[in-house]
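Please find the structures below.
After this come two complexes, each holding chain A, first together with chain B and then together with chain C.
On to the complex of A and B.
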């Protein structure tokens, strides 16, 4: 058992973290909007935590707050992500489908260039020596676990509320939703900002875990990985993002005994999943139920 | 009686094509107004302009005294104009009940945080919405299919659900785009009496696009006829039936069928 925990415990932490990023894509998807901006907000949240954790001028604040510095970092990352999300959401959500995806990817790229050139973000080297609240990396379960539980609970309540139904009506038929009085743009922005806020907090929690933070945290590759979680898991259910992240994060590790050929099998699983499960893993369960 | 809807010189050009050209008419409060015309006459384009989905090239639409011709569709809907679609546009993956709940939630402008945290106001709104949605679903005869996905319903039931969803907006005027399409004679008669019933029950004004001429003649107090985007006749059903321009454009063909 101890062996198992030592070997796969950290993997479990990463699955929780990536599942949260997958869920941050699910929020805009509730209104039918595919946004890849999450990874940018993840990067932003990480920088907020990294700067607050290392900046010399904040040393007295860190001493005074002790452990509570971390929740404060999350809150600041949350507020920053929501503000930037609002500013980005109103113009970006006028676009639809693949154009929104492209615009959000462009945002991620621009943000990457900006942080590379901001002195406070440490340029290409980034920020290192970020203080860590736990000695054992496994203990980060106490960050990501409750956040995941909270997010799933939030989504569970949201999907059963009037706002959730308005979100889904836009996903089902945007034009009909407009004709039925739904403030489509406003609701899309709401869903988008929720996703941005979640990604920002996940970033703020991840900076201490990784100990360093740099522009490589918010790349196109990472954005595509998040997209793959939702695609493989299923875009129409919150469980899709969870299942997809669990599968895609653990697959390369589970296949490790296969050595070099494991990435081939990994890729094969992705292709087959796209072909045979267009609704994702969660879609298979939904079909069985009905 | 006063005009609830006044359309003045309404025009829509798609490039060089005049889909609707200088159309003017008034709909009186409480009446059932028929809009007829051959395929491609511009009836649906006219509906889309009234509901804000298509922006007019020129002209005005006054609804309840205000000019709505440049307003957004959602704002027009919340003012009290509800519609159905010729090719039925339900929220297919959502349940019958949820389809009818959406317009109420939109009217209430439900709060995201209120819903998630279950505030007293949002719980009260949920209760009221649920009760009124159940009533409307039962009214259109789908009381035993409340939780079925809308897309799983048979054709006629989907048409009726779309009317229930429109009624959930508590509209002053209801726009029906070919509600009898694909129905047999008995179903058409049922639909006619249903439209009269809801008009009386909810104090509605109804604007109806219909191909079926006998149905329009039996149901409507006034009729407007569109052909190639132009209003060629307007008046009481009997007068319309005798109008030579109408007979040439439309009724002559339909009478043979």
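On to the complex of A and C.
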């Protein structure tokens, strides 16, 4: 058992982290909008935490707050992500489907180049030596675990609230929802900003875990990986992101004995999952229920 | 900012831009028919470059499963380019069979094809790495035969250089564009293709075999992708199995040097603005959406 934890414990932490990123895509998907912007806000949140954790002028604040510096970083990342999310959401959510996905990817790329050129973000090297609250990497479960539980609980409440039902009405038929007097744009932006806020906080929690933060944290590949968690897991259920992240993060590790050909098989699993589970893993359970 | 400087940059931009146009047309063809982006297109681009390399040079690199294998023949560059492009077209057909057709037949969400085509891209890229190795391949300088490497033109007191390869890039790309426009607007097959893009159901009622035309579109798309991969590869070298993926995303913007580190940000900002202002594209006509 100890051997198992030593070998795969960190994988579990990464699964929790990636599942949270997947869930940040689920928020806009509740209104039927496919946004890939999350990874940009993840990067932004990470930079907020990295700068607050290492900037020399903030040293007195860090000493005064001690461990409570970390929650403060999360709050600042949350606020920054929500503000930027609002500013991006209003123009971008006029677009739908693949066009929205493209516009949000353009945003991610712009953000990547901008942080690469901002002196405070450390250029191509990025920021390193970010203070770590725990010595053991497994202890980060205490960051991501509660956040995941909180998010799932929040989603569970949201899906049963009036706001959640409005979200779903837009997903099922935008035109009908508009005809019923739903403020479609307002609701879409609301869902989008919730996703941005979550991604920002996950970024702020991840910066200490990785110890270093640079422009490579917010790439196109990572954005598509998050999308794959949601689609493979099931885009119509909050459990989908969790299942998808668990499968796709552990797959390359499970296939490790295959050495060089493991990524070929990884791609094959992606294709087969799309073909045989079009509703995602969560869709298999949903069908059984009905 | 002199005239020669302006002309030099204009020529550089035209040459590389025309290859991007051929590459992008591969995306556009599939998008216009299926309304979905084929993420495997960048991998087919890479595959085309590698296949042409092996056919033209006749041997594999030092790593990978096929290290040290030599072919009994070496094709002239033009033939290798064509053969590489046709093989890439077949790879495009395989992509359709694996990632798109099964989903279409099952009536799955169109967005899922993003992930399945990404899966095929992952397979292709890693297959290339497995077989060809991860090292850099570069075409030998005499691959085009005994042509001078560049021509110099004098303008006033300054020179404008046109690399031979730049001229080849531009000429081949233009030829492909003209052929494609002729095929789509000048032949009966092209007309059927346009009908399929307009409305697959009506097209199939009119006796057009929609599945065959989708397959054909993927063949042409792969052909264009593989050919542009070769052209970029001849010009800049093959920087490993992932190089097509980077080109698939990249757009080049032309900017003053002091802002050059922000050039990609400006290019993507332009993309963002264009999407907001004209989602149907710069020159596209607005399609009426029926309720």
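In the analysis below, the second predicted complex is superposed on the first by the 290 of 290 C-alpha atoms of A that agree within 3 Å, B and C clash if a C-alpha of one lies under 4 Å from a C-alpha of the other, contacts with A are read in each partner's own complex, and residues count from 1 in each chain.
Note that a contact is a pair of C-beta atoms (placed from the backbone, for glycine too) under 8 Å apart; a residue touches a chain by one contact, two chains touch by 3 or more.
What you are looking at is a predicted structure, and each value in this text was computed from that prediction instead of being measured.
Undergrad: Mind checking the superposed model to see whether chain B and chain C fit together on chain A or clash?
TA: Fit - chain B and chain C, as placed by superposing on chain A, sit side by side.
Undergrad: Identify the partner contact of A:165: answer first if only chain B is touched, second if only chain C is, both if each is, neither if none is.
TA: first
Undergrad: Based on the superposed arrangement, let me know which partner A:266 touches: chain B (first), chain C (second), both, or neither?
TA: Once the two structures are laid over each other on A, A:266 reaches chain C alone.
Undergrad: Considering only touches as defined above, state whether A:224 meets chain B (first), chain C (second), both or neither.
TA: second
Undergrad: Which holds for A:98: it touches chain B only (first), chain C only (second), both, or neither?
TA: Once the two structures are laid over each other on A, A:98 reaches chain C alone.
Undergrad: Contact-wise, after the overlay, does A:113 reach chain B, chain C, both or neither (first, second, both, neither)?
TA: second
Undergrad: Does chain A have more residues touched by chain B or by chain C?
TA: Looking at chain A, the partner in contact with more of its residues is C.
Undergrad: Give one of first, second, both or neither to describe whether A:7 is in contact with chain B, with chain C, with both, or with none.
TA: Neither partner.
Undergrad: Take the Cα centre of chain A as the vertex and report the angle out to the centres of chain B and chain C, nearest 10 degrees.
TA: With chain A as the vertex, chain B and chain C sit 90 degrees apart.
Undergrad: After the superposition on A, what does A:175 contact: first (chain B), second (chain C), both or neither?
TA: Both partners, chain B and chain C.
Undergrad: Once both complexes sit on top of each other, what is the least C-alpha distance from chain B to chain C, rounded to whole angstrom?
TA: Comparing every C-alpha of chain B with every C-alpha of chain C, the smallest gap is 9 Å.
Undergrad: Just to be sure I follow: which residues of chain A are touched by chain B in one complex and then by chain C in the other one?
TA: Dual-contact residues (chain A): 175.
Undergrad: What residues of chain B sit close enough to touch chain A in their complex?
TA: 51-53, 72-74, 77-78, 82-83, 85, 89-94, 98, 101-103, 105-112, 115-118, 122, 125-126, 129, 149, 165-166, 168-169
Undergrad: Using the touch definition up top, name the residues of chain A that touch chain C in the complex.
TA: Counting only chain A, the residues touching chain C are 34, 91-92, 94-95, 98-99, 102-103, 106-107, 109-110, 113-114, 116-117, 175, 220, 224, 227-228, 231-232, 235, 260-261, 263-264, 266-271, 273-275, 278.
Undergrad: Inside the complex, what are the residues of chain A that reach chain B?
TA: It comes out as residues 154, 157-158, 161-166, 168-169, 171-173, 175-184, 190, 236, 290.
Undergrad: Taking the touch rule as given, give the residues of chain C at its contact with chain A in the complex, in rising order.
TA: Residues 35-37, 39, 98-99, 102-103, 106-109, 111-116, 118-127, 129-130, 249, 261-262, 264-265, 268-269, 271-272, 275-276, 279, 291 of chain C touch chain A in their complex.
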